[in-house]
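The same chain A turns up in both complexes below, where it pairs with chain B and then with chain C.
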Partner chain A sequence: MQNQKDKVTASDVVIEKDKTTKEEKYNQYVKDITPTHNIFKNILNAFLVGGIICVIGQGFINLYASLGAGEELSASYGTLSLVLLSIVLTGLNIYPKIAKFGGAGTLVPITGFANSVAAPAVEFKKEGQVFGIGCKIFTIAGPVILYGILSSWVLGVIYYILMELGVV
Partner chain B sequence: MDYLKAFLIGGAICAVVQILLDKTKLLPGRVMVILVCLGSLLGAIGIYEPFSKWAGAGATVPLTGFGNALFKGIKEALTEEGFIGLFKGGFTASAVGISAALIFSYIASLIFNPKMKE
Partner chain C sequence: MEDQKITSIKMAGKQSILFANPPVILSGSSVVGKKEGEGPLGSFFDQIEEDPMFGGTSWEDAESRLMKRAAELSIEKSGYQQDEIRFIVGGDLLGQLIATSFGIADLEIPIFGVYGACSTMGESMALGAILVDGGYANKVLAVTSSHFAGAEKQFRFPLAYGNQRPLATSWTVTGSGAVIIGNGDLAAEVTSKNKKDAVVKIKGVTIGKIVDYGVKDTMNMGACMAPAAYTTISQNLKDLNVQPNYYDRIITGDLGNVGKEILIDLLKQDGYDISSNHMDCGIEIFDPNTQDTHSGGSGCGCSAVTFTGYVMQKLKRKEWKRVLFVPTGALHSTVSFNEGNPVPGIAHGIIVEAE
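On to the complex of A and B.
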């Protein structure tokens, strides 16, 4: 890498003839203009936002449990409520704003999954019912469902074999 | 107490993933896939279920909890119905989350219009 501290400009990159230097300059240029975020602040924000979403989830679960739902039913209604909340906030364009601040804190919870389903559904409605909404709704959900189902199936096969062998 | 646990554990999982995002340039979609597969693996080796009993929503709300639920569903279906459970349990366990996301999102697409990026 170059040791020079001066900022590399785009024109420096363009006028540079030597291929290796050009590449170095280009990389330096990309590095210079990529915004650097404070990583500790990012982590703290993710912690706060993710924590709060989980607290809201716990609140829903406790609410449904207090209404007399069993453990599993309260969990299901909790998931349902979080998904609905996230999709409403996505439609109102509020979730993306929280996501900008919270980063992984909005991505990791189930609300992030719901957001990744709702956002393309709204975004691509102009492209039609089938190839717009129908296809694009699975842009993120598709891989998540595929690999979730596949990995749990593989693990299930192992579990099944162990079960038949009488190990578990 | 359960709120505090949900906050700390859920927050901690998100913080770890934030480090992963910042350090590796992994795309959000990939991160979600990794989380679900990881949750399913941790469920299969018997760690995630006791953990989520203890941590409550802090463990079930993150997508690792979704993965754990997938394996748990397969395990239950295997015990109850045998072999066919391998092809049933995962979708049964994830039915509410996936159906809700799809149905509400479709309704959202009828109600809301895309916003211009600022």
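On to the complex of A and C.
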């Protein structure tokens, strides 16, 4: 019943004279009628695809370890291999298809990051090596890189202070 | 005094124009990409190009070639020569009208470049008809285009970037539509060439306002544009003092499923029920079940090719007598959006009649 009462109708929007309230009401009305993806199905798909990517990564790590690489080195090689795989799949236009199904499952792992760098490189190649690829390769990944480095620095400073104080 | 009399005949209500000697649509052309060709309206289009690059080297080049082909085809279909076309009114979605500038240059016809986002076909046709009825031109070419890949690159993400499109998003149509608008007196010539088909005339236009209901969701263009379509259609009916059933169809450009629902709902508040005769080009052009297009088609090309391909056929065969063609545009710029602004909408109404 509560829901029914809160629901904004088209008539509420049309008769509203105040611009801000009208916009708020219209946005609420739009939200009510706009269909969305099934969240449970999306979560399940993301879990499945994300899990598979991690299993492949683990496979790489085990492979390199069995070839004699140390723990840290085989982990690095595993990451590199996933990045390479993602870039190749991006170039072949297969990665977007997996992402359409897997959603966050393909976005969160390192493969998603690699895709977000490779895709602009492919797209903007036509605009040249410098102004195309050079300037635009990080259009999507740029914020991740910038704020990733910034937050690492902030955490590093905090860690340093705590260390000096003898807390850690 | 005489001048004043003529002016008052042409102006109707607040935003509409009724032409003294309604211009004739001498021909219409539609060139589309593969996906559009596979859609429900595939058989109505003049040309379906399998190559997404249209023989070009970049998406921008592809769309320029696409537009040029549609423009040339419309001239060819009209039976007139290229140098008989006095002006072109055209536009597209790409930054600073790339497709129009580079596609049309070779035709060497004086041009007005216009931008109305996806409502550009409405704007081009309205201005074209005004030029013709005003006596400033005998034949005007109105043209517009859009390309899926070029639009994605400019407004959204690079094509190879993996993401999930929300259900309210639409799919930009790869296509270009062009019409040749001729002086009303040319109607007799058209009839003599083809006795079977009806003559299609632009009876009047309703120029739309920019309407902003504060939607900041660029993945829901239907909701951004529906208020503009509502305002224009409602004003058209008021200006002409008619009811929605005056038209066999009221045809919006690219509202999609979400926008259609909003439009019908909003118009009901003004006492107009268009649920039985409303049609949306975006909904007609793709099959959402098999083509994965979600809310429908969009882009300048969407309304343009649906009009020149499908709607013109219906009018020529007299299956429809009178339609209100309302291309809708979302005035979306990535710059204004990033600066926190909503996406306003615009819609122009073109009254088209079969005689």
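Keep in mind that, in the parts below, the second predicted complex is superposed on the first by the 133 of 168 C-alpha atoms of A that agree within 3 Å, B and C clash if a C-alpha of one lies under 4 Å from a C-alpha of the other, contacts with A are read in each partner's own complex, and residues count from 1 in each chain.
Simple rule for what comes next: a contact is a pair of C-beta atoms (placed from the backbone, for glycine too) under 8 Å apart; a residue touches a chain by one contact, two chains touch by 3 or more.
Values in this document were obtained by computation on a predicted structure and should not be read as measured data.
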item	value
Which superposed partner A:91 touches (first chain B, second chain C, both, neither)	both
Touched partner set for A:140, first chain B, second chain C, both or neither	both
Which superposed partner A:107 touches (first chain B, second chain C, both, neither)	both
Partner chain(s) touched by A:157 [first = chain B, second = chain C, both, neither]	first
More chain A residues in contact - chain B or chain C	B
Which superposed partner A:116 touches (first chain B, second chain C, both, neither)	both
Contacts of A:61 with chain B and chain C, given as first, second, both or neither	first
Touched partner set for A:48, first chain B, second chain C, both or neither	first
First (chain B), second (chain C), both or neither touched by A:10	second
Contacts on chain A seen with chain B and repeated with chain C across the two complexes	37, 42, 90-91, 93, 103, 107, 112, 116, 118, 122-123, 126, 140
List of chain A residues in touch with chain C within their complex	9-11, 13-15, 20, 22-24, 26-27, 29-30, 33-37, 42, 90-91, 93, 95-100, 103, 106-107, 112, 115-116, 118-120, 122-124, 126, 140
Interface residues, chain C side, partner chain A - complex	57-59, 153, 157-168, 213-217, 220, 223, 227, 258, 261-262, 265-266, 268-270, 342
Partner chain B, residues of chain A touching it in the complex	37, 39, 42-55, 57-59, 61-62, 75-76, 78-80, 82-84, 87-88, 90-93, 102-105, 107-114, 116-118, 121-123, 125-126, 133, 137, 139-141, 143-145, 147-149, 151-153, 155-160, 163
Chain A-facing residues of chain B, complex	2-3, 6-15, 17-22, 28-29, 31-33, 35-37, 40-41, 43-44, 56-58, 60-63, 65-67, 70-71, 73-75, 78-79, 83, 85-87, 89-91, 94, 96-98, 100-102, 104-106, 108-109, 111-115
